[in-house]
Amino acid sequence: MIIVMGSGATEQQIDSIVKKIKEAGLDANISRGTERTVIGAIGDERKLEAEYFEALPGVEQAMHVVKPYKIVGREWHKQDSVIDIKGIPLGGKQVQIIAGPCSVETPEQMALAAQAVHATGCRLMRGGAFKPRTSPYAFQGHGAEGLAMFREAAKKYNLPIVTELMDARQIDTFLEYDVDVIQIGTRNMQNFDLLKEVGRTNKPVILKRGMSATIAEWLMSAEYIAAGGNHNIIFCERGIRTFETYYRNVLDVTAIPVLKKETHLPVIVDPSHAGGKAWMVPALSRAAIAAGADGLLVEMHPNPCEAWCDADQALNAGELKDLVGSLSLIAQAVGREI
Amino acid sequence: MIIVMGSGATEQQIDSIVKKIKEAGLDANISRGTERTVIGAIGDERKLEAEYFEALPGVEQAMHVVKPYKIVGREWHKQDSVIDIKGIPLGGKQVQIIAGPCSVETPEQMALAAQAVHATGCRLMRGGAFKPRTSPYAFQGHGAEGLAMFREAAKKYNLPIVTELMDARQIDTFLEYDVDVIQIGTRNMQNFDLLKEVGRTNKPVILKRGMSATIAEWLMSAEYIAAGGNHNIIFCERGIRTFETYYRNVLDVTAIPVLKKETHLPVIVDPSHAGGKAWMVPALSRAAIAAGADGLLVEMHPNPCEAWCDADQALNAGELKDLVGSLSLIAQAVGREI
Amino acid sequence: MIIVMGSGATEQQIDSIVKKIKEAGLDANISRGTERTVIGAIGDERKLEAEYFEALPGVEQAMHVVKPYKIVGREWHKQDSVIDIKGIPLGGKQVQIIAGPCSVETPEQMALAAQAVHATGCRLMRGGAFKPRTSPYAFQGHGAEGLAMFREAAKKYNLPIVTELMDARQIDTFLEYDVDVIQIGTRNMQNFDLLKEVGRTNKPVILKRGMSATIAEWLMSAEYIAAGGNHNIIFCERGIRTFETYYRNVLDVTAIPVLKKETHLPVIVDPSHAGGKAWMVPALSRAAIAAGADGLLVEMHPNPCEAWCDADQALNAGELKDLVGSLSLIAQAVGREI
Amino acid sequence: MIIVMGSGATEQQIDSIVKKIKEAGLDANISRGTERTVIGAIGDERKLEAEYFEALPGVEQAMHVVKPYKIVGREWHKQDSVIDIKGIPLGGKQVQIIAGPCSVETPEQMALAAQAVHATGCRLMRGGAFKPRTSPYAFQGHGAEGLAMFREAAKKYNLPIVTELMDARQIDTFLEYDVDVIQIGTRNMQNFDLLKEVGRTNKPVILKRGMSATIAEWLMSAEYIAAGGNHNIIFCERGIRTFETYYRNVLDVTAIPVLKKETHLPVIVDPSHAGGKAWMVPALSRAAIAAGADGLLVEMHPNPCEAWCDADQALNAGELKDLVGSLSLIAQAVGREI
C-alpha cells in the first residue's frame, strides 16, 4: 500500500503512520519528495484498509498496489480455466451460444424453444423461472413450476439449463430440479449472501455484471463465490448504464480483453439485454466474439411478438440460425470455432 | 400509452396495433401526423407493456404517459406522510438526524456512541450488524450478536435503532431484537424478494437508492414494499455513481424536490456515504436540509481513527455536535426545526 | 410533437395549448385518456420547441416524434454515402485503416511513420499538429510547422492526411497545406462556430463523438456541418465517459449499428483513445469491424516509448502490421475487405 | 510520481525506469514490496508524464502525487480570492445573485428584465447574445446586436453584464461593448484556444463546468486562463450528465466544498441549467448557498412563457423576488449575506 501524506504533514504524523503499519506486521519505506512524502507499506497489504489510513491525520490518499482478489486472479493461475457443464466445455476453443426465452411461459413455448435451440446447433439453453421485474405488478415468473417446465423441455434434446437464482431460499429447489448453471443477475451482483450461498455449491455460476459495477467490484463478487469453494465461475458482460438513452445499456466490449488479462475464468456476453432491441443483437454478438468472448447468452423466443417479457429483444428461430451462421466466420477469424 | 409508428408503417400495421390495444380492453386514438402516425391507448395503460408494443412490426417507440406507481405516488395521496418511529415523527416539521457508527464493533464503542448520539440531541441511532462489504476478506459485521449489542446500548437512552437487513432469512432475527427501522442498502434496492419480505412487516423501512438507480426505479422499488401492505417507507438518497473520481459518489440533491413532488413519503439523505469523507459531511448535510430533506443518516464514531470500516467518513462526537448546531439554523431558514 | 397534460390540467389550459399549436401553423389532435390528456401537433413539428410547451401551465411533458436532423438522416437518404478522399473511398466495401502518430514530432519520426503506414497497406495517415492537451504546461503541438512536416512526409507515399482543427482561425492554414481530412476532436463536437466553419469548406470532416454526447446530439452536430453545405462527414466513435476507471473510456460499439440505421454517412472507430492502452487496441479494432465500422483511426508510432504524448496507447510498426492481418479475416467474415 | 512495477518486472526494467527518472533531473526511491516494486520520483514531477512511464516495459501504473495545477491551487495561495466586478465583490462575505434571461430577445424584454433584476436587489445581470444551440435550425442569438441591446438595458441600473463568449474571433466585439464578465460555456470548457484568448484579457471569467468534466480537468482549464495572466476566474457548477433522465443534469453540490478546498477562487452555481425546470430552482439555489457557494447564475425572464429558449427553466420577476428572500435566511445561517 502507498500512503501519500498531505503537503503540510508533520514528522510526528509520518511517524504515527509508520507505527500503524508496523503494528499490522508490515514494514515501511519512506520516500521524501519535494512536495509530498510517500510511505510504502511492505508485506501482505491485503490486511490493510485504505479508508483506515485516509482517516488518519496528515494523510492525503492511500492506495493498494496489489490486486485485492486472489483465487479468481490470473496472477496466481496463469492458464485459462475451462468450465465443464455436463460435458460441454466453456472457456476453451469452442464458443458456446446459450439461447432461449427471457421467461418460461408455457410447456408448448418451451418445447418449441428447445427444439429451435437444438436445431441451430446451440448446446445450452437459457430461460427464466424467477424474474426480477422493475414493477411489482408485472409477471414475476412461474417459479418452481417454471423450473419443472424448463427441465422437461430441455430433457428431450439433452440441453443443460441455465436459469436465474434471485433468493438464497430457493437454492434447494434449484438443486432439486438439477439446474445445470445458476445465473446471478445484474441486480444481485453484490447480493453478498446470495454469492456466499452459491459459493457453497459446486454448480457452474454465470455472474452477470452489475449495471454500474466496475471491473474491480465484479472480480471481487466472483471472489466471494470462489472463497466459498466454488471456482466454476463464468463472467457475463451485459451492458452498463450510461447517459445514452437510445439503447438500454452500453455493451462494454473493452471488459472482454480486460477480464481476459485479469482472470483465468471464462467471459461471455449477453447482447440481448445490452442493446435491448433484437435488431442490435447480430452486430453486438459479432463484436463480442471478435473481441474474444467465450460465449453468448442470447434471447430467442419461438414467437417474439407474443413473449411475456422483453418481447422487443428476442430473436426468432430463423434469426438465431442466421446469427449462428455469421458468428461461425467471426469465430474462425479469431482462431475459435462454434 | 403512446405508440409512435415508424415513417414507413403500413395501414395494416396500424390496424394491428389498434387491435392489440382493444384486445387488452383499452380504446385507441389515432393521430396521423405529416411524417408519423401516433396511436394513443385510452384506459388503464398500466396493463400494457411498452416492450411488447415495441416488438410489433412498424412501431418505432412506445411510451407510458401515466406513472407506473400508485400507492407511493403523490398523485393519489396529496398530503405528506409522517412515519411514526416509536413516537418520533419522520416527515413532519421536525427534521430527524439519525446518527451512529458504520458498524457495531464492541459493547464499549456502542455505549459511547449511544451516549454521544443522545447528548447531541439526535433522537434515533444507526449502526450496522450485517455489513455488505466489497471484499469477502473484509470484516462482515457481528451479525445477530451485533444486534444484541446495539439493542443494549440504545436502550439506556431510549433511542430507536436503525440497521441494515441484507438477507430475507434474517428477518425473524430482526423482529426478535425488535429493530425499529429496517434499512435496505443501496446494493439491495432491487433485491425484489427482500423488498417483498419487508413489505409483509409493519416496520418502518429506509430504502436507500441504488448506486445508479433512476428516480423511477427507486419509486417502483418502494411500490414493491407498499404493495405488500407496508406503507412506512422512507427514501434515502446516498449519492449516485458518476464519472467523477474525486469523491465516492455524487450526492443528488435534485432528487429531494423531485421525490417531494412525486411521492408523499419522507426523504432523508446520507451525507457520509455520498461524499465518503468526514470533511465533506457538514456542507452536504446543510445542502440536504436546505433542499427540503426530512432527515439525515450520519456516520458518527466515538473514535473515528479506530473504526473498523469506513473510518474516513465518520464524524466524532464533537463534530456531530457542531453539525447539529449549524443545521438548526438552516432548518429554521426553511421553516423546519431540529 | 406530443404534449402530455398533467393530471389536473383544465379545459382552458388544453385550449390554450391547442391555440399555440395552431398559431405556429400546425394542427392539433386531442386524445383524452383516463388519467391524462394527450395533444398531438400535426404538421412540421421541427418549428416547435419542446421546452416552450413544457413551460406552459398544465403541461407535464412535450416530446418530438420526428427526428430533428434532416440532411444526415437515413430517413431522407436511404443508400450509404461513400466519401471520396483523394480517390480513396470511405464508407464502401473497403474498410480503411487510418494510422499514424498522436502528434507530429520531428521530420525523421514522420518519415518513419509514413513509411510504416504505407508498408502495412494502410491508405491514409493521421497525425496531430495542433494538440488539445488537458494541461497548459504540456506540449501543445508544432502548429503550422507540424502541418508542413506532415505534408512532406506523407507526400512520398501519396498518403492523404488527416489532422485535427481546434480553432476556426486556423482554417486557412489547413487549406493552405491542403489537409485532406479535417478532424474535429471530441472536446469540440459542440463547438458550433467551428462546425459552421468546416461546413463552409468541401473537405471531408471526421467528427469525433463528444466524451458524453448522446447519439442524437452527435447527429445534430453533423447536421450543423451539413447545413453549411458540406456533406462529406465521417462519424468517429472514440469511447464515452463512464464510471469505469480501469480504462480511459468505454468504446461504445452499439453506436455503430445505431448510426448505420440513423444516418447514411460512414462510421469509423478510434480504438486507441477509447481504451487508452496499446494492448487493448487489437481486440477493440476487431470488435469495431465486426460490428460494421467502415474504418479505424489507429495510433502508430515508430517508437512508442519515445512518443511525446499518449505513449502508452500507440502501436509500433510490427504491431500495426499484425493488426491489419487479423482484421482482414474479420472484414471478410462480414462481407468487407481491407 | 509513483511508478508501480508489474509482478513480473525484472531488475533490468526497474533500472531502466530509474535511469529515465534521473535523465529528467529527478531522483528515484525504490521500495521493494512482497509482490510489487514501487519507484518514487523525487523532484519536480510536473515535468513527467504518467503515460510516458506506463508505456515502458514492466510498468503497471504511474501516478502523480502532486497537483498538476499551480496558480489556481489553494496549496500555493491560502486565502480566498475576491474578484472585483466594477466594484462588486464576488467571493467575499456577500453572496451575489446574477439574474437575467437565457437570451437577449428585444430591447423591451431586456428593459423589463433589467428593471426586475434591479428591483429584486440583484447586483449583476446575465443574458446571452451568442447562443450555443444543439440544433443549427434553432435561434442562434442576436450576436453583436444583442450585446448592444444588453449594454443599453443594463446601463440604466448600472448593472455589470455577464454574457457568453463562444468564439475567439468575437473577443474584440466583447471588449468593444465592454462586457464586464465573460462566460465560458459548458461545451467550451476544454476549448483550449478560447481559454488562452480570455487568459490574455483582464476581464473576470465565469468558467462553467463541462457536462462530464472532472474536478481535476476543470481546475486545469482554469489553469489555462491563469497561465495567460488572467487570474479573475469564477467557477460555475451547472450540473453534470448522468444516467438519470428525470432532470436535465444532476447538480453536483459536492463540487462546492471540494473546489473550496482545492482552489482559492470563487465558486457559483447555475441552478437553472442544472435542473432544467423553473420549479426546481428554489430548492437547488438553497442547497447551493447552504453548501458554500459564493453566488448564483439564475435565469429570469419578464414573461417566461414567451421566452425564445429554455422557457421552462426561467423564473418570472415575482418568483425571483421570493427566491432572493428565502436565500437571505440561508445565507445568514452560513454566516453570509445577500
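Letters A, B, C and D mark the chains in the order given here, with residues in each chain numbered from 1 onward.
Throughout what follows, a residue touches a chain if its C-beta (ideal position, glycine included) is under 8 Å from a C-beta of that chain, and two chains touch if they have at least 3 such contacts.
Just so it is clear, the structure is predicted and the values come from calculations on it, not from any experiment.
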Next item on the list: Give the label of the chain whose average Cα location is farthest from that of chain A.
Entry: D
Notebook entry, point to check: Quick check: more C-beta contact pairs in A-C or B-C?
Noted result: A-C
Margin query: I'd like the Å distance between the centres of chain A and chain B, where a centre is the mean of that chain's Cα atoms.
Written below: 26
Next item on the list: Indicate the whole-number Å distance between the mean C-alpha point of chain B and the mean C-alpha point of chain C.
Entry: 39
Check: CA centre of chain A versus CA centre of chain C: separation in Å?
Finding: 31
Item checked: Residues within chain B bordering two or more other chains -> 212, 241-243, 245
Next item on the list: Name, in rising order, each residue of chain D that touches chain B in their complex.
Entry: 212, 214-216, 240, 242-247, 250-254, 256-258, 261, 274-275, 279-280, 283-284, 286-292, 326, 329-330, 332-334
Check: Across the complex, what residues on chain B touch chain C?
Finding: 2, 4, 7, 29, 31-36, 38, 40-45, 61, 63, 65-66, 75, 212, 241-243, 245
Check: So in the complex, which bits of chain C are touching chain D?
Finding: 46, 49, 51-52, 54-57, 68, 132-138, 140, 166-169, 187-188, 190-194, 196, 211-212, 217, 220, 223-224, 227, 241, 277-278, 304-305, 307, 309-314
